[in-house]
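There are two complexes below, and they share subunit A, which is joined by subunit B in the first and by subunit C in the second.
Right after this comes the complex of A and B.
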């Protein structure tokens, strides 16, 4: 892995287990980055690819809570849902994730936020599934575009 | 894998991914086996090793619900908690699982019940974690005794 500019999103396929690891740095304090992940009114402003409208069905971001949201593009709805295993402010969210277009696929996701000097934050997000085929199909689906564009909009939201 | 007697519990470490797969057959219809996993008053009667008293803190077994229970042995409490990603009666439960003695360890668990001829049921339970070291430590922890003894008590409960 080479060194990268601060705002470059790294998306890495783990060599040993069927997991994707995303790392990204933000020019904002950890509490603010955390809140952008837990407050549904903020989440819908940045998550997903450009040109996609997000609408929250429910988003009860606490340990033992659950969520569902939809992305709307060209009149087509794409649903996502899961439950929150643990929400530990301002550092950790462990949740499940299903894209309803593939209802039997479930990922276990872990978001870790670390404080960096200068009021900055490093985000590490992992997504674990039960097969390398499923993980590699997820990587090949164009998810990287949605992740990178979403984090660019999150940069703007955090700066606002 | 060799053929086994109907009530033998098989516990297999997947060679490719950090997952444990448990299979077991029961002399009872699927609906009854499913209910023994969703009704907390039944769950506490069979789950875990012999000599362990189980007590439910909360057990909201529905899609988006959560649970916590404790096992009590010799005055010592062992807590377990997680959330229910999907509960699809009478065939599927997908949930997360943490043993509170190792609070950063999270497993993604999937229970599948299949109908067999003669009113019998095949159970397949998988548990996925993010490292082979974690999976192998779980297997070496003596979990197999708790699983086998629990299913023997479940046999008795289903026959009652």
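Right after this comes the complex of A and C.
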């Protein structure tokens, strides 16, 4: 990690609880960063994996609201949905997150935006799941097909 | 690494006692007795945990030495670190796209909720 500047994304996988914490700083005021997380037209422009088309089914980002979006790759659709548990402008979003390919799994996500001097913002995003296997699968979710298949087999193993 | 080998690594590391053993072996090799000392379980139970770690390729035991110390296969263990780094890079790419979105937004933006924006 020595080669990454303080501004770049930092990731911590907690050793004691199945949690991943991401921190990142932005050269933009908090209101803007918050808006980019709540306005679906902005959300589709940056969220989701590289090279995948994102389509928002609905995105009702307010306390008690819900969302669903679909990532499309090579004709395959991957759906995600969840509920907005607490949305407090411009500092906090607490939401659930489920990948529809594994509907029994759910992550509890917390996004905190802090104001920094000079009109900058620090983002802290934590994602808590109910098992270390789930957390580690989450960490590996961006890996190549071979690894994903490895997880599918592990899922089957754990379900059996 | 084959998918089923990977599954074994994950299953092996899913158990807190085995994760603890791996953490201690990261400091240095240890015998089964030494590994068992902090736990209120039988040597047999510890051996069983070790067998799971061994089957996953996470640890090895030398065949000839009398003490047969347990050795952590750091290469396999490093895989976890690599995944985390890969995940970090993906998050960084995502946030660079967010940088661009933020730069393109007008300055007088109010943090409206998505629901209220016309679409």
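The working rule: the second predicted complex is superposed on the first by the 136 of 160 C-alpha atoms of A that agree within 3 Å, B and C clash if a C-alpha of one lies under 4 Å from a C-alpha of the other, contacts with A are read in each partner's own complex, and residues count from 1 in each chain.
Throughout what follows, contacts are C-beta pairs under 8 Å (C-beta built on N, C-alpha and C of every residue); 3 or more make two chains touch, one makes a residue touch a chain.
This one's a predicted model, so the numbers in the text were calculated from it and none came from an experiment.
In the superposition on chain A, A:108 contacts subunit B only, with no contact to subunit C.
In the superposition on chain A, contact is made by A:131 with both subunit B and subunit C.
In the overlay built on the shared chain, the residue A:27 is in contact with subunit C alone; subunit B does not reach it. In the overlay built on the shared chain, the residue A:35 is in contact with subunit C alone; subunit B does not reach it.
By the touch criterion stated above, A:64 is placed in contact with subunit B alone, subunit C being left untouched. Note on subunit A: of its two partners subunit C and subunit B, the one contacting more of its residues is C. When both complexes are overlaid on chain A, the residue A:8 reaches subunit C alone and has no touch with subunit B.
By the touch criterion defined above, A:93 lies against neither subunit B nor subunit C after alignment on the C-alpha atoms of chain A. Of the two partner chains, subunit C is the only one that A:47 touches; subunit B does not reach it. When both complexes are aligned on chain A by C-alpha atoms, subunit A residues 65, 131-132 touch subunit B in the first and subunit C in the second. Residue ranges of subunit B in contact with subunit A, taken from their complex: 16-19, 63-66, 81-86, 94, 96, 98, 106, 108, 110, 126, 128, 130-132.
Interface residues of subunit A facing subunit C in the complex, by the touch rule stated above, are 8-11, 13, 15, 20, 22, 24, 26-28, 31-36, 38-43, 45-50, 59-62, 65, 87, 89-90, 123, 131-133, 136-137, 139-143, 146-147, 149-151, 153-154, 157-158. Put simply, subunit C touches subunit A in their complex at residues 1, 3-4, 6-7, 10-11, 13-14, 19, 23, 80, 83-84, 86-95, 97-103, 105, 109-115, 117, 119.
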